[in-house]
Amino acid sequence: MDAIHPRFEPDSITGRDPKENPMTLNAIPTAHASHDEHATNQGSPADASSSLDLHRTTSDMRTTRSRLGLQPQAPIVEEHDLAEQQDWWWAKVRIALREPFAEFFGTMILVLFGDGAVAQVLLSTGQKSAPGGNGFGNYQSINWGWALGVMLGIYVAGDSGAYLNPAITFTNCVLRKLPWRRFPIYLLAQFLGGFVASGIIYGNYIDGINKVEGPGIRTVPPSPTATAGIFCTYPQAFDTTAPQFADEFLASAILMFVIYALKDDSNKGQFSASGAWFPLAMFFLIFGIGACFGWQTGYAINLARDFGPRLMSYAVGYGGEVWSAGGYYFWYAPMSWCETSGSAGRRINLLVFRRVPIVAPFCGCLFGGILYDVFLYTGPDSLVNQPWFGLKDLARPKAAILERMEKHKAEGLV
Amino acid sequence: MDAIHPRFEPDSITGRDPKENPMTLNAIPTAHASHDEHATNQGSPADASSSLDLHRTTSDMRTTRSRLGLQPQAPIVEEHDLAEQQDWWWAKVRIALREPFAEFFGTMILVLFGDGAVAQVLLSTGQKSAPGGNGFGNYQSINWGWALGVMLGIYVAGDSGAYLNPAITFTNCVLRKLPWRRFPIYLLAQFLGGFVASGIIYGNYIDGINKVEGPGIRTVPPSPTATAGIFCTYPQAFDTTAPQFADEFLASAILMFVIYALKDDSNKGQFSASGAWFPLAMFFLIFGIGACFGWQTGYAINLARDFGPRLMSYAVGYGGEVWSAGGYYFWYAPMSWCETSGSAGRRINLLVFRRVPIVAPFCGCLFGGILYDVFLYTGPDSLVNQPWFGLKDLARPKAAILERMEKHKAEGLV
Amino acid sequence: MDAIHPRFEPDSITGRDPKENPMTLNAIPTAHASHDEHATNQGSPADASSSLDLHRTTSDMRTTRSRLGLQPQAPIVEEHDLAEQQDWWWAKVRIALREPFAEFFGTMILVLFGDGAVAQVLLSTGQKSAPGGNGFGNYQSINWGWALGVMLGIYVAGDSGAYLNPAITFTNCVLRKLPWRRFPIYLLAQFLGGFVASGIIYGNYIDGINKVEGPGIRTVPPSPTATAGIFCTYPQAFDTTAPQFADEFLASAILMFVIYALKDDSNKGQFSASGAWFPLAMFFLIFGIGACFGWQTGYAINLARDFGPRLMSYAVGYGGEVWSAGGYYFWYAPMSWCETSGSAGRRINLLVFRRVPIVAPFCGCLFGGILYDVFLYTGPDSLVNQPWFGLKDLARPKAAILERMEKHKAEGLV
Amino acid sequence: MDAIHPRFEPDSITGRDPKENPMTLNAIPTAHASHDEHATNQGSPADASSSLDLHRTTSDMRTTRSRLGLQPQAPIVEEHDLAEQQDWWWAKVRIALREPFAEFFGTMILVLFGDGAVAQVLLSTGQKSAPGGNGFGNYQSINWGWALGVMLGIYVAGDSGAYLNPAITFTNCVLRKLPWRRFPIYLLAQFLGGFVASGIIYGNYIDGINKVEGPGIRTVPPSPTATAGIFCTYPQAFDTTAPQFADEFLASAILMFVIYALKDDSNKGQFSASGAWFPLAMFFLIFGIGACFGWQTGYAINLARDFGPRLMSYAVGYGGEVWSAGGYYFWYAPMSWCETSGSAGRRINLLVFRRVPIVAPFCGCLFGGILYDVFLYTGPDSLVNQPWFGLKDLARPKAAILERMEKHKAEGLV
């Protein structure tokens, strides 16, 4: 679900992979460079003097991108002429919003396959006319769906870093120098990707849902014909609040811990999974989380994959139970207030906050990331790897923030 | 199911991979070049002067290939001496029709595994004497069959671009400069591959079919003993026309969208799947489409995989219902006319057109390709990436076509 | 199941991969060559002058290896000092019989996993105390077992070419210049590998077999408690002879056809599976054959995997039905003679020949290989790619054989 | 489960991979070396003169690491400044205990996924409300869980060599020159990893266990509601002692044999799995052991994966039967003594020793390793590959041990 260091962040200190760095890319002429008549427009701070004109034409785009916290220069291969692409307004938009578009479609693909697998298995449960005589898939099909959804989503979202999960973006902001300014636009793109994808799935399977529930009827677990589970997670009936939270927290922590291990080129032995192997390793990781920690709460581990579809299911008519099911699984703290307050305040509250699938992934991912960094990560970019775990900065927050922003600018990150 | 840029198209503008380009291949001496006494015959426009004699001997073949829209020079490694191979008529045919042969066998392998998996699971449903006590496979086996069929089909069809699907060939003609003249020969090869493969499957499983249906009886869903589903797709009984179309459209759009993402070296982050990883990524993509969008219509997403076997099942005696099943699922527009017209006109009509599995994949793939190009693709070769989405060319069709053909010739594509 | 060109065959004409060729290996100093004090002993014809002494010490081994049709020089990396290894008799045996040992253990691993998976699924069928409540695996587990058995067997047998299947060795002798003299020793090694592995499986699962069949009782299908299917294949009861043969023939042809495609570096597009990807691609190929063509006859496709275990099952007491089951599925031609002749001649006959799982894989693999070569292979080393499909040689067999042997010697193959 | 040669062991004789050797790493400047201002602190014996100061600052750490049998220099990429990291006490601990930490977390991930999969499948067996109508997974999910647990555990434990299994560490000490002094700290780390992980799984699934067994009730097979199988292995009821031992022995021998094949660069043909492919090949190996040899005893094959969780299950209240179940499956030799002795001595005895899952994996792994070395391994580092199988050393143990230690020191291993 994640690629910690987006390819084009010119991280001049760690700078592990020359491919991650457009300056390096420009500096090393590729084998077919001689075939390209106009390959030199990918200006970067390092060769600004030689691309002054191009700088001017792309200056407004750089400003837009900087405002969103994105890298000034969009990550596009040099053969694709950036300057030429700016002749038309849409091409400008596409370059300015490259990473958000990538996150949107990556998350969309993830949720299309994930929710699609749940829909197919749930709606065809027990169908005797299926080849094999017992429905079109079983619980393992759902493991496959989410796992390959993440894998293909990473391929689709490549350039954005392929986080596909706000909790992972968040953890990278805290621990891996990802600029905080990128968080809102990534969050929005990821949420919208999940929201749109679940709408497509609903439209696609509307006949099947009508057949299972009855025309126009839409119910939420523990209704025996409930189909709301297609869109978002509902905990097992026997589960109480603490285990629900623990389960989501644990799955998210494992997710982040293993991602950081996969990405850590200093702890790879002979087994690097930070490059081409990453999407496949993520397939196995997500499959494992589904096969091993997916029973009790349905392994949301991702706000975009749970809140987006939940809102969509509310919009298409599954009723307020999508929020209140499972003992207000959705949102914890103000529960007692919710119970007593009127339905208006209650709904607003429920629309704004969510308990387990919202709070737990953030806590879990952050914990998993910190755990990895404390025991195994040796890179200087982690907050944890600074003396006193970087907690000294809490005493002088303003100075720390300014320092960080200046450092990002110097490194060309924003 | 696809490789957008066949290796040997000397695409001098984008020219991403030196391996794609025989000129580059010739220019860069390989490690074992010194061992080859006759490795220089792979002439290309660039070094025509140095291979005049070879040019002459291969000129008739070049003409044949050009007429079919194929690249003048067949994509064969330099160690295999093209000139020597032309001493005998069959070798000439093999080189002249290299890509169509590759597409034929690639599609054949795809359908052999796909239809074979359906046959095995469907015919052995519920068999108690199987190890495990419940048949020789379940619905997931069918996902495996189609997915690995595509993967192995791509390996078999390597040199042709490995489209294996007319809708993908079509989309590449529209959006990726694949010469239109190649479309008919590829279509024919793909169709024949599916047709022949389904005939082999029928012959192989004829005893099993007789056992399930009764000797000589052949039925089409919703018959409870129907075996026609081995060969082509039949929609679920509850499904109405619009969702059938939507389902196929959606699956095809996802197919094309993800293929374009896998192939886009400008949006890969660190995760390229355009080379050696492509067949494996396609395994997961096709598995996902089967596990997530395979219930309602059986995920045809491919004329060659559905129409070829359907015609074969008609030929071996499954009756006219192979065309009319599912509310004329097969062909949409002239349905009301079909209902009223006599059976002769009806049959002709049904043999020529098909509704959902024919029309929907083309629409879906084209939509998916355009979606990717509009939001994520930055290459200049896409029609969509020209000002006004290339629609200006509609105003001057003749000039646009001529320009395109000249450009193809200049680039050595035809 | 196969690697057409063993790494160390110095095929100076096609010589695709420098890694295949020890001469090339020696010629190109590797990065750590300077660390090796004694890395130059891997003499080869090309540098014989510089390694005269070593030549002498290894001459008896070379003779032994040549007699078996093996390459004079064992395929061992240069860091492992061949000369030093010959101080002790066992090290000499190990080097002299390197490829047969590799084939033996590779086939043993293949059959251990394959027969082990069948044993576990068959013996635990329906066991309610299993996690999940329905046995320890299903038919798909068997697909996994055979597929990963082949994959891991290839890794184990690496240096031998990893054929693991006499039919594939045979086809490579006919079509890919593998010296015929290697065939007997490879056949023996493969047969013994399967024989020993099935004995291990029998010993391991003897308690389970006793539980299912009753102590000391051993039966063959169609007995309802039959466990003979653990060791070798028995056709479905409804199947007649012709489809049995066709099914095995088809599966074997597909096997060989796809292997040749995977190995063909001239038809790979961007998708090469001839190197590191080969074992994984074989996993999918064998899984597919099991999932798509495994029902009717149990996909033997390999004498070593079927005859070896069958003989073992006869030895441990499954009775003569292991040969006669399925209408003498085992051996075809002399069936009528068998029926009438006495039991002694019958048994001898049955021990020497086998029908479907013996004859069909050889026919099928050869057909699949020829099919590939006729339509897609352009290399000059295939018999099929010579004028008149090489049939002219049939007119002068003696001269053709001598020519071939001399050519092999010149290339250092024997 | 294993990586025989940890990356940073400067094995100057075989020295296969320059990446394995930090000296080589330092000698070859990487592409981005010029960006690193402080990349030269990774001193090694070879360039000690140029890093005297750094040597001094790291001397206490080297001593700690040497005492544990670890390589003096921690395996950390040169970009991560070792000297800078030692400003704070925790960073020192992290570097001093790098490999034990890696083994701890690697084994933890392995057991989290493995036990998690068993827990989910076992506790949800037959649950009708699951999508698909039959629980959240089946026996195959458990194969997936253990297989991908090992794969991801290897990624997490990268730098330690990723043994994750005391029996594999042990075999490498005997046959592959791994310093014996590392064995205790690795064993402790692996045991603790399994112990902690099973505690986490227990906490996570406590509600589900209460639901299946009844609140506070904890039972061991053959109780029909037993959940102790989540944590460690219990043999099938029909199994007697000898087959139990044989089954574990066989599975462990196959495990070690195949790992040595995967790691043997001298027997790889074209199929190397010693680098990036290793974790994936291990996935298939563990899947295969589970699918083919997992029925009778539950495939412990690993003390850390069985004894750690067994102790945890004893600690949380499953009672003394966790030790005595299956005819004292746990520990063999003093069984008759146990039966007669009082419960105090009995418990102590049972806590110290274990029969099958403790003894068998060590015997099996050692046998598998020796088998590979005798027949296929040609490297001089194996004990087996010395004249008379290295048994001569038994006559002069003290001298042999001293020689070995000196050699290790000379090679920078301790």
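Labels A, B, C and D are assigned to the chains in the order they are written; within every chain, residues are numbered from 1.
Here is the rule we go by: a residue touches a chain if its C-beta (ideal position, glycine included) is under 8 Å from a C-beta of that chain, and two chains touch if they have at least 3 such contacts.
Owing to the predicted nature of the structure, the values given are computational and were not obtained by experimental measurement.
Participant: On the document's contact criterion, could you list the chains that touch chain B and likewise touch chain C?
Facilitator: Neighbours common to chain B and chain C are absent.
Participant: Note whether the interface between chain A and chain B is symmetric in residue numbering, meaning over half of all numbers used appear on both sides, and answer same or different.
Facilitator: Both copies touch with mostly different residues.
Participant: In whole angstrom, what separates the CA-based centres of chain B and chain D?
Facilitator: Chain centroid spacing, chain B to chain D, equals 46 Å.
Participant: Using mean C-alpha positions as chain centres, tell me how far chain C is from chain D in Å, no decimals.
Facilitator: Chain C and chain D have C-alpha centres separated by 33 Å.
Participant: At which residue positions does chain B touch at least two other chains?
Facilitator: Counting only residues that touch two or more other chains, chain B contributes 135, 137-138, 140-141, 280.
Participant: Once you draw an edge for every pair of touching chains, what topology comes out, line, ring, star, complete or other?
Facilitator: ring
Participant: Strictly by the criterion at the top, what is the full list of touching chain pairs?
Facilitator: A-B, A-D, B-C, C-D
Participant: Quick check on the complex: what are the chain B residues that touch chain C?
Facilitator: These residues of chain B touch chain C: 3, 6-7, 17, 19-20, 31-32, 35-36, 75-77, 79-81, 84-85, 87-88, 90-91, 94-95, 98, 101-102, 105, 109, 112-113, 116-117, 119-120, 123-124, 129-138, 140-141, 144-145, 148-149, 151-152, 154-162, 200, 203-208, 211, 274-276, 278-280, 283.
Participant: Name, in rising order, each residue of chain D that touches chain C in their complex.
Facilitator: 12-16, 18, 21, 24, 28, 118, 121-122, 125-126, 135, 137-143, 221-222, 224, 229, 236, 238-240, 243, 246-247, 250, 254, 257-258, 261-262, 264-273, 277, 280-281, 284-285, 287-288, 291-296, 374-376, 378-380, 385, 387-388
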